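What follows is subunit A paired twice: with subunit B in the first complex and subunit C in the second.
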Partner chain A sequence: MHIPALKDLLYRLADDKLIIGHRNSEWIGLGPILEEDIAFASMAQDEVGHAYVYYQLLHELGEAEPDTIAFARTAEAFRCCHLVEYPIGDYAFSLVRHFLFDMADKVRLAALSESAYAPLAELARKLAREEKYHQMHARTFMRQLGQAGHEANARMQAALDEVYPVAFSLFEPTVHTDTLVRDGIQPDEDTLMKTWRQEVEPYLRSCNLLVPDPGDITLHFGGRGGHHTEHLPPLLLEMTEVFALDPQAKW
Partner chain B sequence: MSSSLDPRINRLDLPAGTSEIHQELLDHWQNYEVFQQQKRGDQHVHVGAIHAPNPEMALILAKEQFGRREQCANLWVVRSQDVYATAYEDDDMFQHAFDKSYREGNGYKVRDTIESFKARLYELIDNGRHTPAAQPAPVTEAPLTPAPVPPAHVIVLPPGADNKPRKIILRK
Partner chain C sequence: MTQEDILARLQTVMDPEIPVLSVVRMGIIHEVRVQGDEVEIDMVPTFAGCPAIAVMRQDIERVCYEAGAGTVRVNVLYRKSWSTNQITPEGKHTLKTFGISPPPEIGPELTPEDLVQAQCPRCDSYNTRLMNSFGPTACRAIHHCDDCHETFEQMKPL
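For the complex of A and B:
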């Protein structure tokens, strides 16, 4: 088993989760209604928790402690995709991103639960259970707002037009993609992307939403190689503000 | 421009001097009562209420409000307006004119009977289990762990003729 390829995958999985978790947590106290504020914050917390367990797998492979990995790296060292980096926007933007991200997570976790790397396969099966509610929440909001017509549908459509092309950044291939396929750790990114599209596109249409043409998806690539949008460094600055005061502090 | 220690608040770019934001009431939304079942077979217990536009959304939102902090097997939501309730001004009808405590569930004096039955049973079991001469404890390398203590309403009996563990569970 090729360890650098495995580590690269784990960094991608973990960093996506940490950054989307942090982004979505920005809605705490600002959500549209109390109940949804709590539900969305709770799911954001789940995502940060998932990042933590992926960082633990990395630590077992000789990488630094989870806190150090999460809080003491510069933007270039992150392997998250562009989708998770964008600011929260309006609630429609965050909901559409949540739907596209969690549906991709579903596809990826299903594939990883068959992984040749047993600790990852076991973890994927565990995470899939918690993600079930995330998908249910996302699908329900998409359908309710999409089918509601009028302003709700228009705002969801506008958000989808904006987010959909960027969501393909989740499936950016890396130099390790072929190795991961050869070692049976996960299918190649293109296969995952096709499965995701087969799940997402008919569902969006059933919500009375038009599936946009993603255009040149490589425009949103780069994150997996450490080339990020201008939105990531300010996020990291804010996220690590307390940690940076005293990195040696015991909590 | 307001200034807050919370960067998220600053990003909202609220006009200075704004202390209240008025929002239209979501009057097409409804309240739903939430009932939670901890394990399959248990009763559903009322745990609170939730504000939602329809039953499906009420269930989605109820899951994180009520199914997150403790064990949950199932949730029900019921529109609050579908609940018919007695009026509090009529609550005197629940008062008895005379002592009718014999009707109340806790009026049945079974607790003493159960306790005396348990005491008697323990006595029987102890008599059967302990031998008069103290036997040396068997030498063992395994760490000593205390035997699990059964809950008060469970009485563990010595194995029967078939060598299977036996226990008596007292119903409350």
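For the complex of A and C:
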């Protein structure tokens, strides 16, 4: 088992979850209807919880305590992809991102359930069950709004056109990808991406949405190597504001 | 002090979010080991992000010390899956009495049908609709009964 490669994977998984969880939490008090306010708050809690358990796996491999990993790193040390970094935008933007992210999470967790790294496989099976509620939520609202009248469909299409190319950042390979594939820890990113496209594209069409041409997907790469959008540093500043007041405090 | 003594004490530790359901009835106590005055307990978290785990862990430690334990160790087996099938029949009955629809028995895989069905805890009807799969806590969903018109919470099948 190649430990640096494994840690690289766990940081990617955890950081995606922490940052999308934080973004979801920004809907608290702003949801278009109360139910959606609650849904995004609940999903935020789930995603931050999932980040926490991945950080615990990292801690068992010798990394710092989960809180320290989450709150005491600079943007360059984060391994999240660009998709999760963008501000929440309007509801259509956040809904489309939630759909694309959670469908990718479904594909990834299914693959990781078979991972040769047993602790990760065990955890992936647990998280995959919880994620079914996220998938149902995303699918339901995507379809209702996509199939609804002119403005709803137009806004969903505009959001999809904007988000879809960025979603490919989820599948940016890293210098460790080949090692992880060789060791049976995970399939290669390209395989995951193809499986994801086979799941999301027919579904999007069933929602009366046109699947955009993603163009040059490498334009959105960089996050896995610590090169982030301008949106991550302000997010981290806000997220770590309380922790930074007294990093040694016991809560 | 025996394993039975500790289990009896654990029956008094409630989920702070559902204060009538004990950790034993919820099925999150995986194993209790007692040797002399040393107690070691393995517990399984429900949802990975459940904020009540830390509280329950502290309460478990407290009741064990009150029972006379010299040292107490609570291990949270955070990777281990928990299913609502592990809630005991008494636990499910308690939930219903409290006004929360107990989760149905599910197979090894959660199906889409599992996610939307719920029995009204008030009139027992299945003529109900899922209003929101997210509720006041991570483990609860909101449903509405079309027979008695009660809007109720369900503990989500997991």
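We adopt the following convention: the second predicted complex is superposed on the first by the 251 of 251 C-alpha atoms of A that agree within 3 Å, B and C clash if a C-alpha of one lies under 4 Å from a C-alpha of the other, contacts with A are read in each partner's own complex, and residues count from 1 in each chain.
Here is the rule we go by: a residue touches a chain if its C-beta (ideal position, glycine included) is under 8 Å from a C-beta of that chain, and two chains touch if they have at least 3 such contacts.
This is a predicted model, so every value here is computed, not measured.
Considered on the superposed subunit A, subunit B and subunit C are sterically incompatible, since they clash. Within the superposed three-chain model, A:E238 lies in touch with subunit B and out of touch with subunit C [touch as defined at top]. Residue contacts after overlaying the shared chain place A:A39 against subunit B and subunit C alike. Contacts of A:E47 after superposition on the shared chain: subunit C is touched, whereas subunit B is not. When the shared chain is aligned, no partner comes close enough to touch A:H150: not subunit B, not subunit C. Contacts of A:L30 after superposition on the shared chain: subunit B is touched, whereas subunit C is not. Once the two complexes are overlaid on the shared chain, A:H137 sits against subunit B and subunit C alike.
Of the two partners, subunit B and subunit C, it is C that touches more residues of subunit A. Of the two partner chains placed around the shared chain by superposition, neither subunit B nor subunit C is touched by A:K250. Overlap of the subunit B and subunit C interfaces on subunit A comprises residues 35, 38-39, 42-43, 133, 136-137. Considering their complex, residues 26, 29-30, 33-36, 38-39, 42-43, 133, 136-137, 140-141, 144, 238 of subunit A touch subunit B. The residues of subunit B lying in touch with subunit A in their complex are 7-8, 12, 26, 50-54, 56-57, 60-65, 68.
If you check the complex, the residues on subunit C that touch subunit A are 47-51, 78-83, 110, 112, 115, 131-136, 138, 142, 156, 158. Within the complex, the subunit A residues that touch subunit C are 35, 38-39, 41-43, 45-50, 52-53, 56-57, 119, 122-123, 125-127, 129-130, 132-133, 136-137.
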